[in-house]
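There's a structure below that I have some questions on.
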């Protein structure tokens, strides 16, 4: 863990701001499921080219908050978001915002690998096709290869692009999903416990991959493993009961938490 | 961690034996699902009046082994147990063993609280009724109250015994399930991740409760939280890929593991 | 003693046995509070009750079956029976009448001769009823005593009662197998007889269907080529009806699962179910009286002059409407079985709902949808009332949907309720047609169920 | 924890060339994709609306036609009773007053009065005098006055009133209508009479009672067998070839064409019980075989929906298998099983084809007295009436359909209510 | 009794058989029940003549019907069946006639047909030659040049049998060669004279004659063939066609001048007469209702000629046993 190569940072009292340029920013966001408030007045900034980890005990609202960043919450009938979330300064909840385009810019990878029951090639080509990014077969081939390469899957699958995506192993499937997400070249990638269904070896590969990807994208990852957060992220937000208890540099959170609750959690007093 | 109130112990080289009287004992137990071996030649002794914790990464067979201790595996069509498991020296897999009676003696609490959709009273009274422990209403009332008291739930529910058990909060439900298990006065209580669906406060209550209960019962608990194992247990077995890698005093396992794999796991190198 | 009273008696005695055994089990505990019963007192009760009731019921059933013969035998031994004719229906009638009067089911006799037999009947009935009663009680007691004496604190009453319950469940589920066997048995003999008269090849591949049920027999002008029937069945059930049902059913399912709000779904789904619940005879009536003339007029309006009122079109359209809810609910199920993750995955790529449905959800649900369509086809080709009332009787081998066509089910009804005698191949052909229908639907269902199952497993 | 700056790629805050290009392209395609999405949604809506419209059309069509079926044509005239017959009020309180009136010549008195009042004979239904007789028996004092009556018209007159049937009668009918002597009136007897030859005097009660008796048999046979099989298959059955056969046959039976069950009833049940041809007992047994698989399948689904955690909970405190099943699983699955049962029963209630095969298409002029007496059922009655020669049956058929639909809607309604009420999310 | 069942009795008459006789039998049953409230109304089932015969001939006893209604005479084979099952004594009673009537829509061109025309137009192989006629003019130059389109009963119905026997065969036998064939090769004669073309000119119209009425109403150039009662009932919509110049009416049918009348029968099991309450009364009731001004005539049954009626009335009284040798 080379935690030392860090820039100087401006530290605010309660919400930490970073010198890194902001990609997304949430201000006083609350999310409701019907009457139930799952996220309570959360403000967080997502910096460009960093990995931001959300940790916290089960049910504290990590997934809920993550899904509100690309409006995947819209698909849940009774979910409602209050407050402001911006992408490059543009409010994603403003009326007239196009969800379809938003989601192309803010990609998502889920807990359980969910490749489409189509060929590997089609899985990757799906996004570029529907968005009309390219019409030519050659360009599409190029995009597929590029994406698979970046996801570190190309060598394993290049000879069987026509096989079904569901025929891959769990870890390969998850990398396929990541490749699928980056095929439309998003600006932010959200990952909700991307390794929780994987074995340790596959997990390690994904973690490496995440570290690679961050050179191009802003990445947000939800994880229930503090070890994983410590390994892959530079920023960590600790959620508890729908609130962000603490948000800051990962190294600070793990070695020198400001809040008692964070400390209790980190040291295993609960969770 | 009141791991100190332990008697003097004899330490064996590979399998630790304890001076505490044995309640259950597994010898060379293997469990198969169809052709797949989920538990591979495990030998473990469960001492009386101790809390024994099973830890290990996901899928390593903790639940499988736990369920073989009260033959809950019988309900899985293709599960098969080899080896010998004894309760007070009596082989529980011998032919002619009455599973129903065995389960009355070896109770179980599950990961997700699963109260019956009946009244709180009926939840507790069900066990004593089917076992014919008592016929008189007064005695039954007594048992219900006793069990709820021991589970630390009496004060919270004494005025609404007729309400449905499913109307309680998660933590209360789990305590109700514990009360239900102890209502038939078992000798061993098995708990499979009893707190993983609960919030930290509820978890803390259950942990306290476990500590109380151990004065009367042998308790076995599966947990994926090493912190929890450290907090509540006196003995810990570390499972990995279907085998017991290490088994011994909890304090030893956490502070001074004998095996490299145990150490890696404890320090978060995987899992 | 009517069987009902014996039945009540058996139940009463069982209840007694239950109570006795239960209190005995409690007594074990009272005597020695330390003793732990293997089974609840209730189970002891049930165990004894079964041993009391089952043999008694079996005997009562047996007695109900044989005692009438015994009673009649006894009456015939009586000199009064000399008035009876020696054999035949009249004799039986007189006996039956006398019995009815004697048992109080009838107040007087229709034939005077029977009156003389009433008294002997009364005596015989009393006698044999008493015997039946006594033996039933004895049997019940014997069973009860056997069971009761086995009760001990560690007696495994529960295990035994549970075995009996298990046997009961098994027997219940065997009814399904028996029914299947019954269906095959009831078709196969007549089918074989039919094929003794008409070559199976002519039947299966002939293109002319003109049976003549009134003809004297074998060498008549009848032809039993069932191809026109098969064609009519397929054209109406598998083509026209499906052209209506598949798109409408599928789109309904898609709309309801993917677009409609919860409230809309709550209202519309039951409505679709109502459409499925309308009896086929009503659809038939609707088709024959309302839709068929409309179809005919429409056809005439567009210049098809030979449009028939009993057109394949009318029957097929109405059948299609009837099948819509079926297709829609099958499609609904298979779309629901596509994991939410699949949908989320596509939406998260920035796909629109329509793209997600067309490119991800429907392809993923396709095996289930196909299986559902197969089941729908099997239902459509087995549908009877609509075609009986709205399709024709003419075995036309044509592609014109406005002409009249006939179907397998129509011919089954026609042949079995027609004028032919029952040893005539025309009538027997109904069973052969039934057999074909059964085998075809069986195959369709079998494949469909396999597909559904395999595909469900793929996601579980 | 690494936090290096990656200089190789984009500069912060900017987007890559591809990202920019992509966004531009996307915007272009967006309107079209949105439109396609709306279209697709519309298609779905149209499909649902079409089904709804068909249902509405069918219901409205049947109800509007059926309204007439609850009415009959009645002729109105006065019967001068005073002194017309040699009978005193006393006789009407003695046994068989009807016979007394017939003997006294009431039929002829009524007929003559009709001829006089309506201007021609043959306009009154046969046996209409019985209605007069009933009135008189209720109130013998009427014997001394003139009775104004409204009695059923004869079939030809009734047809003529609708503009059908004999051409010659139609002007007569029009004239009577304009004079107010021929009217359509609500026929309350339609719900209490049984089948008859004349559409003016048919009723639905016989078939309705037959349906109820048949359904009762179906229910008491299919429900226990269905529930017990479902329990066996879900809770007990080992996975072997035998149980697979049971499963396959149940699933297949649920889809076997109903007419095949009719052939089974004909070949098996009627061979064993030839005495009970046309009887609700046989009909009920045949329909039970059809309904049982429906109950088994819905029962299995309901049982499957009971979460395994409940079973585990009970097993873990030492409940035996039977206790688990009967104390926990069955009570929780019951609403689902009942829903399935009602739907299966509704289907059986509307079933016609198999009953045609086992003799239930008989003319039965009186309501069945029990499970073994010959009877018809509602759908078969509808089928029979739809085939009647007399055009007066057209409306009656629709009315019978309305009665049947009311029952079916009721049953479906209960099923839907039950399902919504007890729908459980675990 | 049969099998394990008790020998039972029945207190309700059961009749099965022809759908043509069915409405008349219903009326008789109803009338009997009204006349004598102590008798339960007979059960009439429309199974078709053949199925009815099969049930009827299955044996003597409460589980077998008492009466078979028939729109044709019992066949020799059926009689033999009866004998085999112990149904020895059968009484045959002709109750009336059914007319096979030809009709067209009220506004139709008014075809004037003869059996010969009909045969030539509808036979599969008229006089053994392939069927070529497309329009009525092809058949008979005096007829309009309209395409041949006839809606008629399906082969499973008794009306079709009557059509064959009463019209087609008659038209066929106008030809001397065919008549000769009848005595020579009877099977071939039956085939040539009885088979109906199946190329679409003749349309099997299902059992529901109401629909035939609707159909020809909608298509004025089509001809319908059905039982006379339907013609009666739908007077305002369709009109009967003349056959050799004779219009179908009660009078012309019952004196056989309209060539489409066929007898309707009931067959009674003598062994049941004493055993089933109401059976004798039911048979008598027929004889009360089958007269010219009786209820049955109102329902559209064609009353049999007087001599037949007299013979039938005698049969109701004497109940003579049917002799199998008379049957075909």
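By written order: A, B, C, D and E. Residues from 1 in each chain.
The rule is short, and it goes like this: a residue touches a chain if its C-beta (ideal position, glycine included) is under 8 Å from a C-beta of that chain, and two chains touch if they have at least 3 such contacts.
In this text the structure is predicted, and so the values were computed from the model without any measurement.
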Partner chains shared by subunit A and subunit E (touch criterion as defined above): C, D
Chain pair with the higher count of C-beta pairs in contact (A-D, C-D): C-D
Distance-to-centre winner among chains (Cα means, whole assembly as reference): C
Far-end chain from subunit C, centres as C-alpha averages: A
Furthest chain, CA centroid comparison against subunit B: E
Gap in Å, rounded to a whole number, between the CA centres of subunit C and subunit B: 49
Rounded Å distance, subunit B centre to subunit D centre (Cα mean): 57
Interchain centroid distance [CA atoms averaged], subunit C/subunit E, Å: 35
Sites on subunit E at which at least two other chains make contact: 8, 46-47, 62, 207-208
Set of subunit D residues in contact with two or more other chains: 26, 33-34, 320, 361, 386
Multi-chain contact residues (two or more partners), subunit A: 100-101, 104, 130-131, 184, 230
Touching pairs - complete list by chain label: A-B, A-C, A-D, B-C, B-D, C-D, C-E, D-E
List of subunit B residues in touch with subunit C within their complex: 98, 100-101, 130-132, 135
Of subunit C, residues touching subunit B in the complex: 26, 29, 37-41, 156, 158
In the complex with subunit A, residue positions of subunit D that touch it: 1-6, 8-10, 12-13, 15-16, 18-19, 21-23, 25-30, 33-34
Of subunit A, residues touching subunit C in the complex: 70, 72, 75, 77, 100-104, 107-108, 110, 112, 114-118, 126-127, 130-131, 177, 180-181, 184
Subunit A to subunit D touching residues, read off their complex: 1-3, 5-7, 20-21, 48-50, 88, 98, 100-101, 104-105, 130-133, 184-187, 211, 214-216, 230-231, 233-234, 249-251, 254
